[in-house]
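The same chain A turns up in both complexes below, where it pairs with chain B and then with chain C.
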Partner chain A sequence: MHIDNFASGDSLLHRLDPRLKIVIAVLFSVIVAVADKSLCLATAVCFSLALLLIARLSLREVFLRLLVVNAFILFLWLFLPFTYGGEKLFSIGPLDATRDGIIYALQITVKSNTIVVALIALLATTPIITLGHALSHLYVPSKLIHLLFFTVRYLQVLHLEYDRLRAAMKIRAFRPGTNLHTYRSLSYLIGMLLIKSFDRADRIRKAMLCRGFHGEFYLLSHFKLQKIDVVMLLIMMLVVGGMASLQWIILK
Partner chain B sequence: MHISEGVLSPPVLVAGAALTAAGVAMGLKKMDNESIPRVAVLTAAFFVASLIRVPLGPSAVHLVLNGLLGIVLGWAAFPAILVGLALQALLFQFGGLTTLGVNTFIMAGPAILCYYLFGRSLTSKHPGLVTAMAFSSGFLAILLSSLLLALCLIFTGESFLQAAKVLVLAHLPVMFLEGLIVAFCLAFLMKVKPELLGVTHAAG
Partner chain C sequence: MDNSEVIIDLKGVSFVYHGNHSQRPVLDNLNLQISRGQRVGLIGPNGSGKTTLFHLLMGLLRPNQGEILVFGKKRQQEKDFREVREKIGLLFQDSDDQLFCPTVAEDVAFGPLNLGRTQDEALEITRQVLKRLGLEEFEDRLTYKLSGGEKRLISLATVLAMQPEVLVLDEPTTGLDEDTVERLIQILRSSDLTYLIASHNREFLSKTTDTVYRLAQGKLARAT
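Our next item is the complex of A and B:
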């Protein structure tokens, strides 16, 4: 399992204060998710593409991610053009595709991809643990942050555990198929995974209690706003503010 | 079972976020500091389990296992699923920020229901009853999740009705599969490690 695929890099966005990136990502996602004016969405597309370029990520990797994201959107394309109603554009058999339906589906596709590209450029460029620190500075409940830290920490450990169990099954000539034997074996695999993690959790709890853990992580690294952070924040706030005003004030 | 960003209407997004916030608050309240590692490790385990591809006819599906998660974690299922989905959003860009609330509730709501319906009665001496309940928790969790998903789409716009119907129907085989997997899995856990299910004495 690969964690933090896009986090290694040295672009401007990689170095930006993660607190800012989270704030901008949230504002941007919310505005785009709610917006329906094309000028606002066009600005959003340009903004997210600009972010992607600034982040200097492998475009191929990003494109591959987007393919997966678009599975659900593709599914919606099978229906929306034909069920939205409005002026008929063309028909396939008994189904009439409407102009409005296609525009609506197109809008959803653009919105979805724009948000994801911005999220990759803004958030995936920071290691998850650092994001956790930033979130705790942004007043997210500490229990939730601890849960996130521990989960990230054990995700890779348990994935290795899973690989080991899976290898043991393979050595014993297990070949998955659509049959009861497969389902039973995989269920036991999941059960075993849960048991191993339960035991591991107990050892972790004891080890942490021995070391005096009482529900507090002391953050050693604190974020400090640099000049470039403030400049970038102003620019990004200007764009996001511009999008919001395009959506709700200018084009009302 | 994720709704992508940019699909749902604002009222649906807000409602989902509010319900999830309430559920997570409740979950965090019930979770003391000592149990954080336990919940986290199990969250990670469920995350890994959801990556397993289970063959189903010509294709393969990923398990959701929210019924089992509800039974094992109780109210901690809300923060656990929230963290799991946040990680999926950050690691694979599945789902996203604005849909985090809706997607969490779609999975965690049924998980909590399974916890209350089946979680406490697993101690029953009757093995047939236990199996039936285990199957139902897997089946029901997916059924309810797919219905919630469909409702979110329908509340967004009438034009989603057809897509929503097909989504629920497409999940039918997954419901049976999850029922089967949870039934086997719970039977295994009852035999090997009943403490994990909060059962103090082994039943059977």
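Our next item is the complex of A and C:
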């Protein structure tokens, strides 16, 4: 399991108040997602690379994560240049690639990578539990937050359960292949996981009832803004604000 | 306190799981009385209904027949059992069911907060309980990263934090190493609680309880 892989460092970004990191991450992502001016996007790329450097994360790990993102984007490159209208640039057989299509695909690539890098640098540097607490202090509905908590808590348990079932199959010489026996066995595995999760959910509910649960959750941790938090918030707001004004005011 | 006061009284309790009507009931006209201060062990083969009995007592299941009296009051509806759950603490067989909060402190504080304590009081109780069990250093640990033995002891802490009058432990020694079992024995012996323990571990029961019942064919009998 690779939850909280990036959260163990001790950089400036790791120590920053998670509430403001969430706010900046949301603002930044929204602006980058809707922006189309190159100068604005270039600023965004620089900003997220700067964050990455400040966070002092293993560049190799970050690169591996980006590979996953770009695997999806690869599909865009297969379709977008050939389906988007506009000036023809070159053709492969009966397919015409347009200049606008390529620019569009390029923009999407830059945008998604920029957002993911910024999210890794800002959000993955906080343990997910702390993020949950920060979200609740930002008035995100408690049901969503508890969904997040339960997911984190039981992902591990489910994963272990999956490992146990897989091991049980392996020690009886199960080797996956392309045949009905494999499909049937794997669907048993998934079915069993679903049933076990259902049963576990029931037992957890009972355990909670036994401890007097009546629909209310309470949070114990609180955050306090430090001086450095305010300084960093101002700097990052300035950059994000600059990006927004480049996009909508200066280059209009 | 009156030591002969009966605090748990099951009268003629029968229970059949849904969809099992053709089969024998899990519990068949079962009687059980536990007085304050009594330490009762419960043995019985797998599937004999020990967990079912505990869940009936806590109101997680309802009997098909019979009466459940706890602290002298008849308990029938969900709201009757709410009071029962404040005074009887149940330790589940699988600690992963019991620990669901991200951190140890939050999990231990969950019960007290539900009972209407303030955050500060709940934290104070949490620290006291953890200290009593020698688990102070666990306060900020993540529950899903604990070992099996640690999870069991923290689960016990979450139950003790509700300051119950009765403890009900469902197979507390399963999967624990000798040292942890020994620790559990010490904790139980040094407490002045009334408790009821289901276990397959005879030695553990002989060290912690003074009466042992055997549950078989849906009925209880004094075990020898």
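Operating definition for what follows: the second predicted complex is superposed on the first by the 252 of 252 C-alpha atoms of A that agree within 3 Å, B and C clash if a C-alpha of one lies under 4 Å from a C-alpha of the other, contacts with A are read in each partner's own complex, and residues count from 1 in each chain.
Here is the rule we use: a residue touches a chain if its C-beta (ideal position, glycine included) is under 8 Å from a C-beta of that chain, and two chains touch if they have at least 3 such contacts.
Quantities reported herein were computed from a predicted structural model and do not represent experimental measurements.
Chemist: Overlaying the two complexes on chain A, which is it for chain B and chain C: clash or fit?
Modeler: fit
Chemist: What is the contact status of A:W248 with respect to chain B (first) and chain C (second): first, second, both, or neither?
Modeler: A:W248 contacts neither chain B nor chain C.
Chemist: Which of the two partners, first being chain B and second being chain C, lies in contact with A:V116: first, second, both, or neither?
Modeler: first
Chemist: Just to be sure I read the superposition right, which of the two partners does A:H159 touch: chain B = first, chain C = second, or both, or neither?
Modeler: first
Chemist: Examine A:F150 and indicate which partner it touches, taking first as chain B and second as chain C; both and neither are also allowed.
Modeler: The answer is both, since A:F150 touches chain B and chain C.
Chemist: May I ask for the angle at the C-alpha centre of chain A between those of chain B and chain C, rounded to a multiple of 10 degrees?
Modeler: Reported to the nearest 10, the angle reads 70 degrees.
Chemist: In the overlay, answer first, second, both or neither for which of chain B and chain C A:R211 touches.
Modeler: second
Chemist: Thinking of the overlay built on chain A, is A:F198 touched by chain B (first), by chain C (second), by both, or by neither?
Modeler: In the superposition, A:F198 contacts chain B only.
Chemist: Of chain B and chain C, which one touches more of chain A's residues?
Modeler: When the residues of chain A touched by each partner are counted, B comes out ahead.
Chemist: Considering only touches as defined above, state whether A:L220 meets chain B (first), chain C (second), both or neither.
Modeler: It touches chain C, and chain B stays clear.
Chemist: When the two complexes are placed on top of each other via chain A, what is the minimal CA separation of chain B and chain C in Å?
Modeler: 6
Chemist: I'd like to check the shared interface: which positions of chain A are touched by both chain B and chain C across the two complexes?
Modeler: Correct list for chain A: 149-150, 152-154, 157, 200, 204, 208-209, 213-214.
Chemist: What residues on chain A touch chain B, complex-wise?
Modeler: 1, 3, 5, 25-26, 29-30, 32-34, 65-66, 68-70, 72-73, 75-76, 78-80, 82-85, 101, 104, 108, 110-112, 114-116, 119-120, 123-124, 128, 131, 141, 143-144, 146-155, 157-159, 161-162, 176-178, 180, 182-184, 186-198, 200-202, 204-205, 208-209, 213-215
Chemist: Of all residues in chain A, which touch chain C in the complex?
Modeler: 129, 132, 149-150, 152-154, 156-157, 200, 203-204, 206-214, 216, 218-220
Chemist: Tell me, which parts of chain C touch chain A in their complex?
Modeler: Interface residues on the chain C side: 55, 58, 60, 82, 85-86, 89-90, 92, 94, 96-98, 100-103, 105-106, 109-111, 113-115, 119, 122-123, 142-144, 158-159, 162.
Chemist: Taking the touch rule as given, give the residues of chain B at its contact with chain A in the complex, in rising order.
Modeler: 2-8, 10, 13, 24, 28, 31, 33-34, 36-45, 47-49, 51-57, 63, 65, 72, 79-80, 82-84, 86-87, 89-94, 96-99, 157-163, 166-167, 177, 180-185, 188-189, 192-193, 195-196
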